[in-house]
Amino acid sequence: MMSVLEKRSAVLLGAGLGMFVLAFASNAIVPLVMYRDLPEQTALEVVNQNTLYQLEDLRLRYREPFEQHVGQATNETCAELLKTGRQVYVAEGCWHCHSQMVRPVSNEPLRWGPVPNSPEYQNELQRPVMFGTRRVGPDLSREGGRRSNDWHAVHFWQPNTVSPHTRMPRYPWLFDGSPDKPNRRGLGLILYVQWLGSWLESYPAYEDYVPLKQQLANPAE
Amino acid sequence: MYVPSRELTQLGADAETDEERELWAELRAEIAMTIAERCGTPQAPRALGENEEPASSLAFGAKVYNLRCSGCHGATGDGAGVVAEYLTPRPRDFRKGVFKFTSTPYGAKPLRADLIRTVQRGVPGASMPSFKLLAKEEIEAVVDYVIALAQRGKFESELVFLAEDEEELDAEYVAEIADEIVAEWSTAQPPVKPVTPMLPMTAESVAEGRALFLQHGCSKCHGADGRGGLAGGIDVGKDVWGHTDPAADLTSGMFRGGERPIDIYRRISSGINGTPMPSFANVFQQDPDAMWRLVHFVLDVGEQRRLNRPPQSGDLR
Amino acid sequence: MSDAPTAQPAAFEGPLVETRLVAWYFYASLAYLWLALAAGLLIGLQLVDGNPLPAAEWLSPGRWRMVHTNTVVYGFLANGIFGAVHWAIPRLLLRPFLSRTLSYFVFYAWQVIALGTVVGILHGHAQGVELGESPTWIDPLVLVVWLLLAVNAAAPILRTGGAMYVSLWYFLAAYVWMFLTTAMGNFLPEYFVAGTNGGAIQGLFLHDLVGLFITPFGWGLMYYFVPILLKKPIWSHSLSLIGFWGLAFFYPLNGIHHFLYSPIPMFLQHGAIVATIAVEMVVTTVIVNFFATVWGTGATWYRVLPLRWFYVGMVLYFLTCVQCAIQVTLTFQQLIHFTDWVVGHAHLVMFGVFSFWLFGIMTYLFPILLGVPWRSTALCEWHFWLSFVGIAVMVIDLTAAGVIQGFLWGALKPWDTAVEASHPFWMVRLIAGVVIIAGQLCFLGNLFFTWRDGRAGAARVDSHDA
């Protein structure tokens, strides 16, 4: 027995290949099979009306930059801008200080909003998935709509002006020289952040949201 | 020290003789001194009506304010913080004492509870975020301080008027002005209560609401599609702070003054102070149910994007 | 033991160990170490709101955060490990690597990869997989180089007959693992698998990188260098066998524990938790083996500096694994996930363990490679103590910070309350980081003077010959 385990073939094929494949099968293939009926959505498919509102808002606020860097406000330009935004989010390492994963524990739903489920992540903009690894800043999975586009613009320009004690660095290269002139990367990142959570009915009042029907049952304060 | 307002620094700027200039300089100094005496400094603020020792809670409120609010609203509450020029709508200038989202009738001062609610929930769609996780004491203190700033700002501009008219500061008048401002804020105005209970919201009530929306000219500012002045290119002029203030996009699903039916009711009934949005309380006096139908329509428009339905484009008719 | 041939040496040309290449790897390793230290310093300053160079795109702390981790793994540790392996494998086999040319080619290619990763990340081409941030155009190259490296090293291992020493099991398996891990982590989540499932693969990749690359090479090198320095064989062959196979079985199953309480199916999370706790058992057998080996040698472990690096590193390794077994439980996760606790844990294992081992190996090998003793043993001591004190303070500090952050978050305090509360901890962490940097400065200075001594010595010998 012992001597078999010391053989070159055992080490090479058993430990090297076998154990790796075992782990891969149980940890990667099993969920793959479980999600087989949950196809990956494209960026265009996850464009929704809440995101389109924010896109339109960006167009109306930053008319010249928007026209220059995005053009028209359509579903297609929205999807492309979301992709740009995701790229910036990844390239700037946003995901090393911001998570996109509300956990069902530690009062997190009270702070951030509803706990996400797998279908929410099953799209092109979550490949690779942005669960995150550390929270120096807040979780962002339900950040969309909480703050306005211009708030995000001045925040990316100089975070500590609107967010006291923040440790977030400045991102002036997302602008053409001033916070009211976001460039394509800036517009993209703002839209991407506004997109997060936009697929939920409770956007943007995630924790306090009371469905309209329920409100109407008891309209007085 | 609080930064003096532009009105104060410009007081007597058009003086021609040295004598006049000297007089105005003296008056300006006197005003500044009077304000400092009555309202204190950002470090040691005092409320206008307060004759005893300044309340420590106000200083606490000032601390919270200077940390979290001054970046947008400015240290004196003049709505001109360092980033204010990049924000639309502009951060509120408290010095006029005019507040948009109140539960009180048109033109009345807000309740303290209204301001607390605004701090807690923020103004969705505008750059004011929610501060709901702040401690209750912090929120209450900061609201008290905002009220103190509003009173201070009003006091300052009234003193400038007084000086302009009288070319002197009569102590009696000054005291009177201060008392008036305090009285204005301390006279409790009850919140607007609907005359009738809300009707059940049905497809019919929404359709009737839509008819009322068009009939009463709401669409003139909010656009026939409800998409608001900015998207519709509708110019409705400026607000009392001097900024262009297009009507809200009702399809955004983000109601700035609150999304409960009663909030929408009050927006229609009381209007929005300081803006071109008027009060419709008198219009619907004879037919209180109509107001609710209008509320239903507005709620329905705001609900569409949540349900991922595109807003109706073009003319609602 | 390993110096005594276990098999008949095969005929070959040229030197057994390409010492120049080993030295090159070590120099490259140290160069990246300094890059990583600079990156760490920048982030440390950013966190205490004292970044002296804000608002420059190429100096963005967000990008340097990725440079920090990537240079530590692919620049510093990988180069150091490759250097040490180029020393250990030929001496274990009494047979050189397959091809000298290939060895040098791999060296150059690896520097292109490591440097390209840094430049790519700084240029804004990072990918969104932790420790897989290398730009997409580098990934295929990495895979090719891994293959070449594996062929170059595995060929002589497979050709040599007789029983295989423990170190070689680890090396041989690691070459297979690393190729597969790279292929999995750099391609699947980026191109093929989105969302939660991609997250599971990312966890697998991240953990395999530590568990199936750094760890097996690390232990393989310990099994080689510890007996040599102690001049006695390893205590139990059976225990080392259990350790190896236990690691091979349980370690790859841990990955999903990086995303506990995520939408990944809960039974998979439970599996990862159980496997993680099992790894702790396996690690205990390895630790027992090494401590039984050193038993009875008195203070040798302390007196011989490389051994001190090794054994202190092993104690810290054991602590890391105890930490693992505790922090992986769901109860503990509620408090510490996403906090500085985890950052402290990562620093403990990457610096306190594997870097310590590498420093031990370098401390032992540099005098041999340069042909002269260390210029200053005092500086060697300073290197050790400053590194040790620095990492100890940093880990204790970050662990405490993590607990405080966790409680403040759970108490629903405003976000910046926790940031403000972290400030003193981040201050201490910065100071601890500076202490670590000071330690490395001692090492670098000492190395420079030793290198000059070596050059002077070589020149003397040359002129003597002439």
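Here the chain labels run A, B and C in written order, and each chain numbers its own residues starting at 1.
The definition used in the following text is that a contact is a pair of C-beta atoms (placed from the backbone, for glycine too) under 8 Å apart; a residue touches a chain by one contact, two chains touch by 3 or more.
Please read all numbers here as calculations on a predicted model, not as lab measurements.
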{"item": "Chain at the geometric heart of the assembly (C-alpha centres)", "value": "A"}
{"item": "Two chains sharing the most C-beta contacts", "value": "A-C"}
{"item": "Chain centre separation in whole Å, for chain B relative to chain A (CA means)", "value": "34"}
{"item": "Rounded Å distance, chain B centre to chain C centre (Cα mean)", "value": "59"}
{"item": "Chain centre separation (chain A, chain C; CA means) in Å", "value": "31"}
{"item": "Shared interface positions of chain B, touching two or more other chains", "value": "133"}
{"item": "Residues within chain C bordering two or more other chains", "value": "412, 415"}
{"item": "Where chain A touches two or more other chains, by residue", "value": "111, 164"}
{"item": "Chain B to chain A touching residues, read off their complex", "value": "67-68, 71-72, 81-83, 86-88, 121-122, 124-127, 129-130, 133, 197-198, 200-201, 230-231, 249, 251-254, 259-262, 299, 303-311"}
{"item": "Chain C residues touching chain B - in the complex, by the definition given at the top", "value": "412-415"}
{"item": "In the complex with chain C, residue positions of chain B that touch it", "value": "131, 133-134"}
{"item": "Chain A - residues contacting chain B, complex", "value": "48-50, 52-53, 56-57, 60-61, 111, 145-148, 150-151, 153-154, 157-158, 161-162, 164, 178-180, 199, 201, 203-205, 208, 212, 215-216, 219-221"}
{"item": "Contacting residues of chain C [partner chain A, same complex]", "value": "46-47, 49, 51, 54-55, 57, 60-63, 65-66, 124-130, 154, 157-158, 163-164, 168-169, 172-177, 180-181, 184, 188-191, 193-204, 208, 212, 238, 241, 244-245, 248-249, 252-253, 255-256, 258-259, 261-265, 268, 271-272, 333-335, 337-340, 342-343, 406, 409-412, 415-416, 419-420"}
